[in-house]
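You will see chain A twice below: alongside chain B first, and alongside chain C after that.
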Partner chain A sequence: MSTYVQTAAPDEAPKAVDSDRTRAENSLARKLVAPAVVLMLVVTAFPMLRALYLSMFSYSLTAPDDKEFVGFQNYWTALSDPLFWRDTGNTVMVMIVTVTIELIIGFAFAMVMHKLIFARGTIRTSILIPYGVITVVSGFAWQFAFSNTNGFVNSWLPFIGDDFNWFAKYDSSMIAIMASEIWKTTPFMSLLLLAGLAQVSEDMLEAAKVDGATWIQRLYKVILPNMRAAIMVAVLFRALDAYRIFDNIFVMTAGANNTESISFLTYRQVIEQFQLGIGSALSVLLFLSVLVLAYAIVKLFKVDLSAARQEN
Partner chain B sequence: MSVLAACGGGSGGKATLNWYINPDGQVTLNKLAKTCSTSKYDIKIQLLPASATDQRTQLARRLAAKDSSTDLMSLDPVFVPEFANAEWLAPFEGKQADQVLDDDVLKGAAETVQWDDKVVAAPQWANTQVLWYRRSLAEKAGLDMTKPVTWDQVIDAASDNGATVGVQANKYEAYVVWINALIQGAGGNILDPSTVEKGRDAKVTIDSEAGEDAAGVIKKLADSKAAQPDFTTSNEGTSLGSMFPSKGPGEFMTNWTFVYKNYEGLIDKPSGPKGKTGFEDLGWARYPETVEGEESKPPIGGIDIGVGAYSKHLDYAKAAAVCVTNAKAQTALAVNEGLMPSRQSVYDSAELKKAYPADLLKLFSESVDTGGPRPKSAFYSQISSAIQSRWHSPNSVGPGTPKKSADFLTAILKGKALL
Partner chain C sequence: MKDIRGRILTAIGVVFILFWCLLPVAWIISLSFKSQEAVTNGSPGFFPSDGGGAGWKNYTDVLDDEQFRHAIINSIGISLIATALSVIFATLAAYAIARLEFKGKKFVLTTALVIAMFPVVSLVGPLFDMWRTFGIYDSWIGLIIPYMSFTLPLAIWTLSAFFREIPWEMEQAAQVDGATSWQAFRKVIVPLAAPGVFTAAILTFFFAWNDFVFGISLTSTERARPIPAALSFFVGADPFNRPASLLAAGAVVATVPIVVLVLFFQRKIVAGLTAGAVKG
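And then the complex of A and B:
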């Protein structure tokens, strides 16, 4: 956006007068997208507004007659409750740890996939398999793997007793949950990074090589800066995804030992306790935190999204 | 889809009634579905998940969406107020109401199906807890089991004789069952019974002398040698093995009615009684008193049959509900599945007298008749979770616990805290 303003600045750019044809085309375009816009509003805007509306009420599905307008009280209840902050802490922790590890492993995988000279298709496909597995299934698979009765993790790890129960304590439960999460989504990360790697021009790399840049220098001075947009998109997608973590926790611990995430807390309020009011307030808060997060990541990487899409 | 097709026919087509059951006693329930089907409708069994929470959520999701194919459902008594308050259950009226709830139905079971002066479900079978013990152990401890015993006496008798006391104290519903029974046994209540039906405006009365008495019993057991190793994660199954251990005097255990058939089936098997004489050492008595001299209030459970308010065939469904809960049906469930009846006449029937000792039948029916219900509130599941969150772990229960849980429960009901 800012670049656009700059180019327009020097001398009051003449506001192009649209030809009849352009106007007709624009009007046709609007008509063509209208159904899609209406559909989008119905399926996304309606539930969002409905959640916003419900969040202002004290409303239980099992006591419909007691529905009562309470304004922002539900938000205050959530924000002043230690449980909310404990679960937010968990969620942020899972997000930071998993996204960091996934970024590192994912980048390594992307390099491997990029440089492959033999069996390209086979190796690329096999790296991508975990991402094709349904999260609930991978959650169960990892739960069995970590189980102290029929799992194999305990017998593989040297410093851990065979009867160690991973799901009895907070720390070990979180490790198991995050291991499953990382295993499952690293391929997604590497796929996005691979696309970024492909954009780095070989000419630049060769020029750097001729100038005597070492491998490390080429990585930090040429490859990574040119991949910034791709890295941001990968981190953005995965961070937002990780912030909504639900399936693995649901399957592996069901929130036992304080391993609950914000999504899980919301789920319990709405689905288990039928508290539509406070549940909606929590989901609105979840939505807002995701927005803030997205904004922060975009700012952090200082990437112009339209530039990333090469629109200019 | 075939269900809809069958129902949609209007004239001529035979109706199908879907009966959502929980997994207990499936064989007999399938037979009941067949015998209660008529020329006008067929009853089709649909199985719900094993956990009570999942059963409740699945039914609630259907009913909240006004599902017209949910005709009959097996409900845990604690869900009845919640469902009835949401108007998800079609009440029985007139003659049918009298049929479902005549004088023959035991009081404890009858209470669970009434909401807002209406009969909103039909009691099918009733569960209750009694005190199970080894006769030899009680004799050695010098406990006179013909008279009511108190928790104090039971815990002392066990710890003085190298035995244990089995309870349910994991963080789940049955722990609330125990806490509720202890509080009611001391003459108190979690919520004031006269305001409990007011939902969010109910008066929280757990912070009382009765609450402290209950906390005292839990603390005493937690601190004593009689607590079992898995005390804090114990459930209905975990303490069964301590009754007939290979070494040691056995245990006292509060548990549901299934225990009798369970040990009968384990005679001469691992962790079962040695021979018939071993089995005869299994004793039973009324649920222990919290306070000496005050009659105990044994827990009540079981299953009530509700009719979905949005059913396309309300009349058929109500008739079917009456059929699957009649005396004949209850006899079959008790004899084949060990699920005890909610009607006195069935306890007196020849079939049951053949299957169970006479004094045990008398104990069960008295226990159901004089038992204490859990809070009858549309917010029960929240109440239960709130209690669990402040009373677990049982090792941390002490004099301040009732006050702490009262504050939290009040905040939860007012929507001022998260669960």
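And then the complex of A and C:
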């Protein structure tokens, strides 16, 4: 990461001298921040440590007295099970496919909204509707839309028979799941990209136009490089969000035909089968994989984290 | 010539966006008016077939359902309480982040970022275990706590972005006139920050209303089960044979509050959503 040199604003200069004031500011800030930080950590860090502890035990709620220390055996069981890798594969595929499609469609939407002179309010209102709709409702809407007994998709799509059952096979089930996921989250992506587009200077675009750059050249040489930060932050947020996919799968297929995601597997072990030991190991693995993924995206695409963190 | 082509493309884009955003919503509304008999026998097509319409019957059936009514009350109560508390804590934190220099600012911002990306399902196991030990499993408070933690990052970002726009001099002016830091905060900043607080509240409410993972994992009865969980458990174990039109009516009821919020506060929501991603 590049070093960020902070130029002191003129009115900040006397602060170094006025140390009483600085100390008071420090202590007030801590008091203001403390409740939020404690709350965030109580529900995340503490349970994660608890999961780490439980994952070392063979522990099932159906037989709580048989709790027994087994070391890393739960991790070995999970990692050597093809089910774990199949579900991780599904999750990664959903993440890559949906984020790519959302990025393309979201960018197109953002361009349209950026160019728009009339009806801006109407478009923005409608684009927020998918964002506001509960994921479970979106899942139902698409499940019924793809249904061969009550849906409309089969009759609208050419080359697809009216009695084609989307939920009978793996490939078509995944398409239906991803359709719901993409429908709901593309608007969010397009709003982030729209904010990025607004940062591209019109003067620079005009200059490129005067110099005879074609539309494609302007897109690749001026627009995209200038909104890089916005694109990367949008990709980071959406990719990690897609990796958590759970609601749509739960509602639409409940994991049938191998459509399970890694979140769904973890949920099933813990809540449905009460296997807290192995379930906790899966929780820890899920958390670690998200960490690795976040790190990889940040390093690979050189995401400016200070932009994501909103420092300035 | 070129300009006209651009305008036509934009117009096509607009139509496509509207189609994209409204089609599934229109579909679920249309589905909610199909009669349950027609759905059981199979009624493909976008609109209810002739004689396959149900009028308002699905809606009256859903609203008569005891469990669904409980779920609505749970969702409204839990979401409102979580929103109020989350926004209060986020306001305090965001003020410190936007206005004060202190050690540990980076730690707070990093924590918020990590939590925003946290895989929530990995918490379900330990929380399930802990909540049962503390006796808050299947209760409002058991859902309010995780909702608060997970909405704090978004609320903190939104609010600190808003707070940075507030004229700093006014607070200093108040301090010059003899106000303490705390008084300057309460009397000057709070009224100016109200619109930002409101935006953060809407986004927080959206999250709590939308949550599904905690809703199904940390509840077991209608005592605390929120709408998304209630909808998913609405009928039976067979995921391929649900009473589609009845569920659609329930889904429409659950979506109405959100659509109303969007219609009224579109501008504020957009400002809040994009505040976290791009430096203004």
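Quick note on the criterion: the second predicted complex is superposed on the first by the 289 of 312 C-alpha atoms of A that agree within 3 Å, B and C clash if a C-alpha of one lies under 4 Å from a C-alpha of the other, contacts with A are read in each partner's own complex, and residues count from 1 in each chain.
Definition applied: a residue touches a chain if its C-beta (ideal position, glycine included) is under 8 Å from a C-beta of that chain, and two chains touch if they have at least 3 such contacts.
What you are looking at is a predicted structure, and each value in this text was computed from that prediction instead of being measured.
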| item | value |
| --- | --- |
| Contacts of A:271 with chain B and chain C, given as first, second, both or neither | both |
| Partner chain in contact with A:123 - chain B first, chain C second, else both or neither | second |
| First, second, both or neither for A:63, with chain B first and chain C second | first |
| Partner chain in contact with A:279 - chain B first, chain C second, else both or neither | second |
| First (chain B), second (chain C), both or neither touched by A:189 | neither |
| Between chain B and chain C, more extensive residue contact with chain A | C |
| Touching partner for A:152 - first (chain B), second (chain C), both, neither | second |
| Overlap of the chain B and chain C footprints on chain A, listed as residue numbers | 269, 271 |
| Residues of chain B that touch chain A when the two form their complex | 53, 57, 60-61, 64, 82-83, 85-87, 199-200, 378-379, 381-382, 385, 415-419 |
| Complex contacts: residues of chain A adjacent to chain C | 12, 15, 22, 24-26, 28-30, 32-33, 35-37, 39-44, 47-48, 50-51, 54, 108-109, 111-113, 115-116, 119, 121, 123-138, 140-142, 144-145, 147-152, 154-155, 162, 167, 183, 186-188, 191-192, 194-196, 199, 229-230, 233-234, 236-237, 240-241, 243-244, 246-247, 250-254, 256, 263-264, 266-267, 269-271, 276, 279-280, 282-284, 286-287, 290, 294, 305, 307-312 |
| Touch list for chain C against partner chain A, complex | 6, 10, 13-14, 16-18, 20-22, 24-25, 27-28, 31, 34, 39, 42-46, 89-90, 92-93, 95-97, 100-130, 145-146, 148-150, 152-153, 156-157, 160-161, 164, 181-182, 206, 209-210, 212-213, 216-217, 227-228, 231-232, 239-240, 244, 247-248, 251, 254-255, 258-259, 261-263, 266-267, 269-270, 273-279 |
| Chain B-facing residues of chain A, complex | 58, 60-64, 66, 70, 73-74, 77-78, 81, 83-84, 265, 268-269, 271-275, 277-278 |
